Amino acid sequence: MAKTCNVALIGQGFMGRTHSNAYLNVAKFFTDLPMVPVMHTSYGLESENPKIFAERWGWKNAASDWKAVIRNEDIQFVDIVTPNDMHMPPAIEAMQAGKPVATEKPIAGTLADARAMAEMAKKSGVKTFVWYNYRRVPAVALAHQLVKAGKLGRIFHIRCQYLQEWGGPATPLLWRFQKKYAGSGAHGDLNAHIVDMARFVTGDEIVEVSGAIAETFIKERVIPTQGSTGGITAGAKGSAQMGKVDVDDAVIFLTRFKSGAIGSFEASRLATGYLNRNGFEIHGEKGALRFNFEDMNYLDYWDATADRKVQGWNRIMATSGENHPYVKYWWPDAHILGYEHGFVNEAADIMRVLAGEQPEVPLPDFQDAYETQRVLEAALLAAENRAAVKMSEVK
Amino acid sequence: MAKTCNVALIGQGFMGRTHSNAYLNVAKFFTDLPMVPVMHTSYGLESENPKIFAERWGWKNAASDWKAVIRNEDIQFVDIVTPNDMHMPPAIEAMQAGKPVATEKPIAGTLADARAMAEMAKKSGVKTFVWYNYRRVPAVALAHQLVKAGKLGRIFHIRCQYLQEWGGPATPLLWRFQKKYAGSGAHGDLNAHIVDMARFVTGDEIVEVSGAIAETFIKERVIPTQGSTGGITAGAKGSAQMGKVDVDDAVIFLTRFKSGAIGSFEASRLATGYLNRNGFEIHGEKGALRFNFEDMNYLDYWDATADRKVQGWNRIMATSGENHPYVKYWWPDAHILGYEHGFVNEAADIMRVLAGEQPEVPLPDFQDAYETQRVLEAALLAAENRAAVKMSEVK
Amino acid sequence: MAKTCNVALIGQGFMGRTHSNAYLNVAKFFTDLPMVPVMHTSYGLESENPKIFAERWGWKNAASDWKAVIRNEDIQFVDIVTPNDMHMPPAIEAMQAGKPVATEKPIAGTLADARAMAEMAKKSGVKTFVWYNYRRVPAVALAHQLVKAGKLGRIFHIRCQYLQEWGGPATPLLWRFQKKYAGSGAHGDLNAHIVDMARFVTGDEIVEVSGAIAETFIKERVIPTQGSTGGITAGAKGSAQMGKVDVDDAVIFLTRFKSGAIGSFEASRLATGYLNRNGFEIHGEKGALRFNFEDMNYLDYWDATADRKVQGWNRIMATSGENHPYVKYWWPDAHILGYEHGFVNEAADIMRVLAGEQPEVPLPDFQDAYETQRVLEAALLAAENRAAVKMSEVK
Amino acid sequence: MAKTCNVALIGQGFMGRTHSNAYLNVAKFFTDLPMVPVMHTSYGLESENPKIFAERWGWKNAASDWKAVIRNEDIQFVDIVTPNDMHMPPAIEAMQAGKPVATEKPIAGTLADARAMAEMAKKSGVKTFVWYNYRRVPAVALAHQLVKAGKLGRIFHIRCQYLQEWGGPATPLLWRFQKKYAGSGAHGDLNAHIVDMARFVTGDEIVEVSGAIAETFIKERVIPTQGSTGGITAGAKGSAQMGKVDVDDAVIFLTRFKSGAIGSFEASRLATGYLNRNGFEIHGEKGALRFNFEDMNYLDYWDATADRKVQGWNRIMATSGENHPYVKYWWPDAHILGYEHGFVNEAADIMRVLAGEQPEVPLPDFQDAYETQRVLEAALLAAENRAAVKMSEVK
């Protein structure tokens, strides 16, 4: 009989929905979990009407005082999905209470926050997690396994892009275009994912950002008539009034890795034609890998050790229950998984780790996610300085 | 406040899971439904341990007497997911009780059963449904809408294939290879889907099967040591004993449509390299459409009225909430849906119809599904006769 | 020092150009040929102005009396590219003169002509060739080699399509739509290629056409104001006068092969969106192959014996000089070959065979091409009879 | 009647073959040229046996004194295909003689040479050309036309990659790995092409290299036993002796454009899995374009002004004679062109310009190619300085 874990969800936006869906479904599919989540309490601002959210998703209790929630003795695990600038306070509170804690990505709104969180995690010894969900897309987890098994040999190139197109001039001044809410633009939102993914898949670490460009193409946007800070494709009709954008629309940067590999990272909200192109290409001495979230069920693999007569890009549909990570818990082979499955897979692995078992592939903790933040910071510094920045210079 | 509908699920195999998942999640995502399902009772054979299934998926009651379940006054809707040969009895029972009823596809194990069910549906006047789930994949529903809007003009060609590869010589003699359990092989399992899909997308009807081949490539298979009749990729180790396969491995047939279009349909379990290639290509005077479930989030569209300078296959990622059917209920644009979303979408449309509203795209009822069965029957006749068969000859 | 071979070209249409280009370039690239062609004489109707053609392409002599050309003692090889109904007379003439002879595909305008030619070839003992050029596309030749090497094992499915879209209602009544000039429509033009390709790649033979549809979608077309019988995409502005189309727009047929494999063949001029989709898919027990001329440099290969963890469609760019047929004679690896290279490769192999050497992959002779014609005839019969036709019934 | 132009070819390596092929075939296909080339004289080192080359390709005369060739009064156009460090001397000689002159790309071995050549071109007033052949691939020329027609609107992103994989550790120390012969590695060889292509397609100019990495992954390679400096995939068996590589294997750099767009350029010889991936992606406010030479007959176009319901990547097969540049001179629509066609197209445009007419799309002259060299130089400087370099700083 599986143990249970009373979960508190702090926040209820888009990520509140994906995490709720994960807790709701995980035990229906992962029937062999050593621990299953109990959807104990969800927290939201009074103005967000926490009761409605809790009822919709099946949280037993709704609350609007997060400190009380975290301190509640029944709560055994705290999961934070508030805006980035509000990750640190509840995370610190939970660690001080000796409770395991997770946050959505990125770990925090500022590098200082991230560092404080990583330090407290070390000091407190509690288990921590950051929801870099793409690690648990089966094709990405498979990439990690193949690299680990030596299929690529020495790696030469790591090329990562997370490209979207919703940030055209017609898009109004949502919260995502304002530094005070979002911290940064495409950089923190998108580059965060691909820096984590590159580190995860290769197991390698960035030692230098060799050059960078940060650009805000659309410098002013229409202020939405209502206070709406809306969804990703908000079509809010604009008034005539314009407001200043103070975050980036796109950031590209070049890196050197510890292993000698070289890399590039690019995030944009104005890459017309790419709706959600979150992907990587990795070239090694013995092989290469290619992934793109727009075709998330596939991993392309080139085996450079194969007979050249039949060598080519091998398009693996990573949906075989017997061969690919996480799949056996879902549908028969080749029945196509979607976006939210990564979150359900992550909830399963968190439960395993909380129960003292191993996750299917590694989960990032606060220290790990802090490393990703340092890389993002170095990239902004390099863009500002118009010069290379060594990672050792960034604390 | 949405009305509720007490659902009884008759059966609990693979499709029992997909339907349970649909009822469990539908109201979490489709928050504007006029009627929401209540997971009242699930039925299974005593030997299948119906309690465990009910608890796992959240059915309030478990039962092993299906007649009693259907007659229970609290039950307002009967959903049947038993093996094909067991669709008719509970369906007739439900219609006699004046209750709306659904079955998994195909509608029945034999054409006689299907006809009886369609006739009773007419007589009883209850609402009936057959779960041809692929109609509700957003890209397929979009194809239906585009054809209906006249984007293809006069249609010339309809080419459908549902190709799988799991039926190699090493696969043991599962129930799917035995006529007494399965009725037919790839034909009833796979061609059923694409005949429905062709009729749904084009709105056209087949008037003749002009030629057909039915083939059993692997005529004997190892009998599994246990009584396992297993899943689609069962790896049951075989004993040395062989048993006869009496269903088809593959059926191909050619058709003429009422509109003058010509078509081909092909189903196989030995199409090495195609894991779940359920797709169509439709060529019309003004345009063409192409779909394949292995890339289920995409619909390819060729606009023959566009400037030839930039004419090409237009790869539409059918995941835009504002533009593509069903998507707005799920995640932000381009966040990739999977296999089970079609079922959840279908549960939503069934609830709408039960509440007297319109579905997003048409749902097949017993009469509609009976037409599909007639086409399948005509194809088998044509293969047997080695000659064309007019649909008017098939009752 | 290579021997030389004086070539006579009989005809000067589109195929006259492709063959001339082949003879012009072959020795520049294939520098190790045992025999090189000398462009001795090209023949055209007086009205076609044979001099201009000869000068443009570098034929030493122009002529308008084909019998005289063939009888000319200097001529050592006769290559016929006239309309199909005019293949037989010069071919017979050449064979009677004891000279090796080639024709464009299909071998002849009628099955009777084809049979006569095959018989005469046998009787005369001269070397004969039919230019099924797609055999010599490197990716197709590679497919042949892989099947021969046993990479597919027992073959289950052979699926061939040659789909074009130029035959919409706006296209005028070109010669290709008139039986007296063209013999048949898409069938002889396009199905001929894929029947040859299927036989070539698999080495298997068709034993039955199990069903067929032949359809003329556009039954009347505008008669071009001039006598133009034009090119494939002729935009000749139509007068108001309409003429009857007496050939097919599309023919689909199903087949059984000697090996037990089953197949389908489809040719159309109204497959909107497919400009020149000449391709096949072959599924065997150990692997599968997929080719499409629109991506002619690629061959897709599925290795079913590979580790399932990384199994997928392997996209081979068949342009490696050390590994893929014909490529070493052209550019460095991955420098993309085009349509006419198949013809140049064929000219090279013909020269080799004339010099007593082996071609890189087999060349079809009159007997071989007559077999292909028999299959096409069987398909038309099956369409007419609305019933299966055994190949043994077709002479 | 077309005028003629006596051409002298200086050099006879791989590019000697592609240019010879272009002169040989151009008038066969481009039948409306105002001027046609006469293959007058080809030059090679005495040790290269210039006679054999001349005979093979049809040059009337062979020579081994390039100065004499250029001074020969019969010569009307000088085309230089020697190694890069040997471009300048004959180019200067030709300009001094008042003769139009072309070189292979890049324009020269050093920036100083390039500047001298550009200056002399200005001073002398003769027509000059640099063979950036990819401009004349129909799909690329189409991209240029679409941008020029305003289909992309304001451009945000320009992303270019030229990736190859032949430079693994097993590849010996060919001349391409030695600075004294090659000037640079992947940078001059591959980045040169994509910098030219980006400038050509967008019409925009780079104003800053914002960051760069140059890397030599394989620092020592086996010295070939013979003096072979071989072809691109030379398999020369190495002795045990190793030699130092003093050129780059890969160079990545970031740029800012005059228009405000940002870009990235990447060239590598160790991008396992990419055989000849020479491509770009350009994202603008109204649309996007995507090209990759491995699929050279296609251009992908995203029309952001189209109905979002059917918006997608539009895969244009740029082979329509009536609609796409250069195609009408070749085969019927959709008959696939290859690598060398770009060169033939270029020969046609050069003839047109020499005759005083316009090319189909702009040809780069020495000044234009010098600009490309300046960008390459800036990238190397940025890599060395580990800091941004403004173009105004590079002479």
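So that you can tell them apart, the chains are marked A, B, C and D in the order they are listed, and the count of residues begins at 1 in each.
As a convention for this text, contacts are C-beta pairs under 8 Å (C-beta built on N, C-alpha and C of every residue); 3 or more make two chains touch, one makes a residue touch a chain.
From a predicted model like this one, the values you see are computed outputs, not experimental measurements.
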From chain A, what is the lowest number of touch steps before chain C is reached?
1
Please tell me whether A-D or A-B has the greater number of C-beta pairs in contact.
A-D
If you average the Cα atoms of chain A and of chain B to get two centres, how far apart are those centres in Å?
36
Take the average of all CA coordinates in chain A, do the same for chain D, and state the distance between these two points in whole angstrom.
41
Quick check on chain D: which residues sit in contact with 2+ other chains?
313, 317, 322
List of chain B residues in touch with chain D within their complex:
142, 146, 151, 298, 300-301, 303, 308-317, 320, 322-324
Which residues of chain B touch chain A in the complex?
14, 18, 21, 24-25, 28, 31, 56-57, 164, 166, 231-233, 235, 275-276, 293-296, 317, 319, 321-322, 331-341
Within their complex, state which residues of chain C touch chain B.
156-157, 159, 165, 168-169, 210-213, 215, 217, 249-250, 252-254, 256, 260, 262, 264, 266, 268, 270-274, 283-288, 290, 302, 304, 313, 382, 386-388
